[in-house]
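Labels A, B, C, D and E are assigned to the chains in the order they are written; within every chain, residues are numbered from 1.
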Amino acid sequence: MNAAATPLLELRDVSTSFRVGGFFTPRLLKATQEVSFTLDRGEIVGVVGESGSGKSTIARLISRLVPTTGGAMLLDGDDVLVSEPRRASLAYRRRVQMIFQDPFGSLNPVHTVAHHIERPLLLHGKATKENARSAALELLDDVGLRPAEDFIDQHPHSLSGGQRQRVAIARALAPEPDIILADEPTSMLDVSIRMDVLRLLDDLRHKRGLAILFITHDLAAAKHLADRIVVMYAGRMMEEAPADQLVKEPAHPYSQLLMAAVPRRGGSLHDPLPADPGTPPLVDPRPGCPFAARCRQTVAACTTTTPPVIQLGPGHRVACHLHTARTQ
Amino acid sequence: MTRILLVGALVAAILTPACAEPAMEPEPGVLVVSREQVGSWVRNFNPLLAGGLARWPTRGGIYEPLMVHNPAQGAWTPWLATGFTWGEDVTSLSFSLREGVRWSDGEAFTADDVVFTFDLMKKVPAFDTQGHWRYLRSVSAPDPQTVQFAFARPFVPGMEKIAHQVIVPRHVWESVEEPVSWTNPDPVATGPFTEVRRFDHQVWELGKNPNYWMDGAPKIEALRFPAIPSNEQATIALMHGEVDWAGNFIPAIDRIFAGRNPEHHRYWFPNFGGAIFLYPNHTVGPLKDARVRKALSRAIDRDKVVQVAMYDYTSPADVSGLSDGYAQWRDEAALTEDPWTDFDPAEAARLLDEAGLPLGEDGLRRGTDGQPVTLELSCITGWSDWVRAAQVIARNLQGVGLDVSVKSYDFGAWFDQLQRGEFALSIGWASYGPTPYGFWVGAMSSGSMFPIGEVAPQNWHRFSDPEADTLLAAFERTADPAEQERIAHALQARFQATAPLLPLFLDPSWGEANTTRFTGFPSAENPYSRLSPNHELEFLHVLTRIAPREPVVAEGN
Amino acid sequence: MGGTARYLLGRLGFYLLAAWVALSLNFLIPRMMPGDPATVMFARFQGQLSPEAMDALRETFGLSDASWWSQYWTYLRHALVGDFGTSVAYFPEPVTGVLLRGLFWTVVLAGSAVVVAFAAGTLLGTLAAWRRGGWLDSVLPPVLALLGAFPYFWLAMLALFVLGFGMGLFPLRHAYSDQLTPGLSPEFLASVFRHTLLPALTLVAVSLGGWMLAMRNTMIGVLGSDFIEYAHARGLAPRRVMLAYAARNAILPNVTGFGMALGFVLGGALLTEIIFSYPVQGYLLIQSVRAQDYPLMQGLFLTISLAVLAANWFVDCATVALDPRTRR
Amino acid sequence: MSRGRSEGRRWLDALLGNRKSMVGLAIVGAFVLMSLVGPSLVQDASAFVATPHQPPSAAHWFGTTGQGQDVFAQTVVGARLTLAVGFTCGFLVIGIGSVIGATAGYVGGRVDEGLSLLTNVFLVLPGLPLMVVVAAWLPAGPGTLLAVLTLTGWAWNARVLRAQTLSLRGKDFVAAAQVSGDGPLRIVMAEILPNMLSLMVSSFIGATVYAIGAQVGLEFLGLGDIGAVTWGTNLYWASNDSALLTGAWWTFVPTGACIALVGFGLTLINFAIDEIANPALQSETIWRKQLSVTPPPGAATPVEVGLA
Amino acid sequence: MPEPLLRVENLDVAYLAADGPVRATSKVSFTLEDGEILGLVGESGSGKSTVAKAAMRVLGQPAVITGGSVRFRGREVLRMSDAELRQWRWRDVSMVMQSALNAMNPVMTVLDHVLDTLAAHGITGAAAKKRAGELLDLVEIDRHHLRSYPHELSGGMRQRVVLGIALALTPPLVFMDEPTTALDVVVERQIMRKLVALQAELGFAVLFITHDVSLLLEFATRIGVMYSGRLVEVAPTQLFRDGARHPYSKGLLGAIPRIDSDEAPVSIPGSPPSLKNPPPGCRFHPRCADALDVCETREPPLVQIGADHWAACHVLEVA
């Protein structure tokens, strides 16, 4: 395999489960099951799904905040789960950074903006004690907090949500990472400024060649920002396709349902939905397709066997028996 | 808001009946006694059980001894026995028993009961707390009114122990299977009070013996014992007149008790008991030297100790270490020869210089190694009078250049150290009995001395004197009062010369009485006994003499 | 529901474990103390007892030279059947008898004091929070805080001397009048009430502030909840909102505190005994320590520990009953 | 260390602006000052200087004890050891509590289970009886009291701090620090602990109040070093000399009042901390200051035309 | 002119803060007719929820209504006594809150909530129980959930329960404060469909508060836009969608990424002002591309700019 063909990050059948419940009543929550996709330099991959679909877990898996229970995670072709099984190395941390959903929770209220940005700079040797402040000022300027001097000594509570999220982005940029995991970076922000933050991420991708994993529940935002979109349901990957293609021709019934639920100009609440609304099973799913209970197009196999992921077209993969049957 | 008012009204309604419970007077002739400080009563009248676990007055008031010693007069009073005679070589002793004595169930009291009691103690070692069977060989009853004690060796002090042994009825006790843990809930005895009329955990009553042998005694109907757990509560009870007779320490007694009712609130704290000493450990450096010990003694301001620690209720001890109760044994003339219990810091300093403990520039005395002499003075946590005394003593000793610090330990720890000889200075008591024999054994005999680290029941300071040993052996072999007195004076002289212990003050005997309802309590004017109920057996005198006061109304008519 | 039972059983398991630890500590502590009961007994006589008596005493108390391990097993076996041996200080009464006596009056005094303090404090806290800034809310907290800051025994002594001794309003000692025979007669019960009132009131006085403030502060927090606003919006009567919505939820943390307090008072009323001569367990404890009465000490310590554990378990049960969210 | 300094500054400002904390700080400060300089200004507290049980007079402001010591001197000198033991115990309790609580809360898993069990066992062990037993066993003195009070006092704080750590551990800023590459120790020290400052301070105050109270209680029972001069031993001796029976209230009242005042002062500071940390209580204060009526929330939004 | 169902005039609400009151809404005026759905859209801190809660006078501490009037069928709500308010609430106006989980008493079952509500308005016993069952049927929830506690229901079910409770006394007016914000898109869709169906069936008027203008566009009769405590534009939905006039309304519509268009959304520059330190004049002027000098000094009033179209903007006045 030559270097060019090796994706920057590749997930192969990554699974994880958590123990929930009490000491005497343990249950296994399968947060993700056999998730596979790749992420390349300069690419934005969107991951969409409802709450509980496991989309945030993917970000936490890659950031090594939660342990995996199976599969492989390849960074430049090297399976990090093998080379650094217990805890992520500092080198890995430098390359993979994360932006969290809640800018109020992801900045420590007792520390200043300077602390938040200087700390990773120093930790990863990107600055010395002497020039940490100027490097931090530069980063703040990069993320659009101008003039940076006005912000650097502030505490998080004196900043607005959008400003905080920019600080969080600056912090993620400090180690000069290759990958940024953005976990719903705008869902807590005011509508009028969301696009600014997304645009900033887009610019950074172009300027710095970053790979961004964009996790969102907003299919429309994913469509506008991402190159490819992965649809998650109940911890499983349902479909993966180039963004435009997914929006125009969603192959999976769940993707279709998601599409139908998005408000659109001229649309009406009276338009029919293609599937039964309901909640995805979280714990100990039954065999078969997790979406089978809500799906209106089930075949016999849906309740017995888990549909395999099949290739529908270039970059378009789906896990659905309807398509399995069709391709066979 | 109305609810709050309602709650307030409710509280008021509750409080009203709470106001002052009607004070109920005990029935006439029932004497209320406060002697044991306990939270609740346990019904136990086993007089042979060690450790005073039986209710007061089981040993004495319920079960009686052969004879009763009275330190106020230094004499023995015949009780169940009318007298005793020593046999040849003082190896046998016979007591003749009083006639007409009956157990409270009506059975006759005989020599058989005495023999049974002593044999029981032989069979059950836990009962032999006096160690009778260390000197006895056998006990027999030649006739129903005579008991014969055969000794294994000549041991005159044994008579005191035998005379003070309380006697239990054979016909009851011979069928008891586990005598040690038997609580004897309904005692059958010879004493003045034998009938348990009531027993609650908070109060109990003991009625008089219907068959008591002494004519006209007891004069009171019953004794009542409320459970009072603390000194403070006991004092309140006395002040309120709820208690007629007590043996408590009461601070400022003139003001808070006697002063409240000068006519009827009486107290008498005579010094007929033992004494409290400063124990110098003879194995610790400079304390080996008698001059140093005497210097220490000279440095102590005993008047201050008595004033601060003992509220002036007692008096300083003298060089004999013997209290007023031992008047007949004391050699008054010898006391002035070398009065090392007198407060004289200058003399103390001279003695220390002489003993080679020079004063350093920092004001501290140096030992032979050139280091300052530091001594720890141990006392017991919570024994407040001793702690106070220790504080005064430490200050006094610091005054002559000795670095003495007070350290208080929990009783268990303190006693453990004391018995093993692992201390420097400590306050402590000494043996006390009808004669000072036991005191001298503990102070100076080689028989009571154990090596450091071993548990010594007495002689904690580790001292023995060959001359004293000889004198004590002689004392054990003579029943002749004149000879006994001669030996006692010689022993006192040895004590004064060697200063093995430093007498501090006399241990006072606490006794209070409320004479509103009863008369006949002992006092300084009528010292037929000490007033305190705390002295086992001695209080029998009081129990048999006090009488209800005739109703004033009846007198007027 | 099965989950609830299992949860409660799990808590029970924990408490059993804690009981075992308490049991073992209980075994160890007295054995690590210097001296033994015989020496203490001996000392009571201050030299009037012959030295020979000591061995006899040791024999009486059955002081064992067996190894700690074998003593420990014997101890555990006996403890399981409630046999703590014979008390030394109350020889030859079995420890169980001594304990039961103390326990009864402890429950009467401490139990009623805690219940009254809890009930009154909670009610006052509820009213204060409901009428914020009212006289109840502005006057009572500082007064009760000051009252609670006094050492308990100090207040108790002052109360005894001023109200009991000086003014003759209350009996000075004991749980009932000495003139009465224990029974269920009205006079006896009235006497018990009179004797219990002052000790209980002093206990209530020092703890009332804590309950009130805890309830008030929790309640103020609860009053800020959406469901209070929602209840008002539905036109519910204020009293209904105060009791069934606000107080009902605010009381939950206090219930946990109630378990702790119950246990604390069982052991902590020892100063009461000494000051009011009320025959509760506390005095027994001091006495057993002074007399080196291991069996009694162990029995007491264990009773108190078990009482605390039982109280906590009941609180767990109560919490489950009161808070449906804890049910699984 | 500069970390958390400005957070501390914010708290300090808030405390200084709060009436309750100002009163509390003034009381506690006065007593601390008294305990520091007082003993060198008064006469020897243990000296037996005068006739016993003298009522207050010009010579002896608070009278004399049953043994003729100066009560004023004893009250002043007693503050030193009592407060020293109280505050030291507060520090130790909070120290042990934070180490165990933070470790259990942050590390989780088996470590948490083990430490929580330990904490809970100590929590359900009866404190005062344990204190009595242990205090009787160890040699009397301040060190023993400190050990006993710490032993029986740490568990509550460990539990509270564990719960707080647990909730902070779930915050994204901790995850963010992990992603940045910070190690566990650093995260606990620099990210979590500064956020628990108010809780730690109020726990410290609570532990100090508890330590002073329990210490005085133990000493009153005679389980302390009754040779030392502390507030507890003062009361022990007062009771021993039957202060109230003999009418010598002056040996009993000043010390008790001092203990209550210190406790009250500390409690006031805690009230203030509660108020500052708890927005609900804060808004309540604001509400009360600016409006005459204080209806329960939501009952009916008040209408005060022209207020703004 | 007959009185409308609800008339809010110049409503001023202030929140009390440590350093004095903060004005949360200022001079908010609108009317609502029977059977109408008025959507109020705005960002966080725009005062949209405050308006609804203040109109019902359930705004929790520490808020005060400092001016204006709220009239329900001509009756002044701000002058009602506590007892009158309790009577009026729910019988005439009910509300659905943002998070049903927080709105429901965690220790009470669904049935308890319904019964409490009915009992407060005199309906008790069997009639109340029967009504409770009917309400669950209405919102399509199995009746066995009457015995469920709030935490035992899914988010969507809870929200439907709360919707059911709001209709317990079939009031003519329901306030809905972001009733679907916490839900996933699919569930939101489902609930909104139910809501619209019920509204059509029962004919109650709705004041619908949301930050999601694209949702409103699909069902509201009229749309009002709030910014920093002011109502800046009100227009019928059709008119608003195609011809919103206020710069902020226009910006808002353009800032939302659309699934059915490739047109790139554009943010409004800057960020919403804080209520504590609002800019002088028109509060939107710092973010407004069309701002005039007057915008910095004078606050524009809400004026009619077309048929049933109102806006508060100097630029439009000039035009």
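Basically, a residue touches a chain if its C-beta (ideal position, glycine included) is under 8 Å from a C-beta of that chain, and two chains touch if they have at least 3 such contacts.
Computed from a predicted model, the values in this text were never measured in an experiment.
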Shortest path length from chain B to chain E (each step joins two touching chains): 2
Comparison of B-C and C-E by number of C-beta pairs in contact, larger one: B-C
Of all other chains, the one whose Cα centre sits farthest from chain E: B
Approximate Å spacing (C-alpha centroids) for the pair chain C, chain E: 53
Computed distance of Cα centres, chain D from chain C, in Å: 23
Distance between chain centroids, defined by C-alpha means - chain B, chain D (Å): 46
Averaged-CA centre spacing for the pair chain E and chain A, given as whole angstrom: 33
Contacts with 2+ other chains: residues of chain A: none
Residues of chain C touching at least two other chains: 33-34, 165, 223-224, 228-229, 231-233, 238, 274, 290
Where chain B touches two or more other chains at once, by residue number: 236, 382, 410, 413
List of chain B residues in touch with chain D within their complex: 231-232, 235-236, 239, 250-252, 255-256, 304, 308-309, 311, 381-382, 384, 387-388, 390-392, 406-410, 413
Footprint of chain E on chain A - complex, ascending: 50-51, 160-163, 190-196, 199, 217-221, 223-224, 247, 257-265, 267-270, 273, 277, 279
Chain D-facing residues of chain A, complex: 60, 63, 65, 90, 93-94, 96-98, 100-102, 105-112, 115, 119-120, 123-124, 155, 168, 171-172, 174-175
Residue numbers on chain E that touch chain A, as the complex places them: 43-44, 154, 156, 184-190, 192-193, 196, 211-215, 217-219, 241, 248, 251-252, 255-261, 264-272, 274
Chain C residues within the chain B interface of the complex: 33-36, 38-57, 59-60, 86, 90-93, 98, 101-102, 120, 127, 136, 165, 168-179, 181-182, 190-191, 193-194, 197-198, 273-274, 277, 279, 283-284, 287, 290, 292
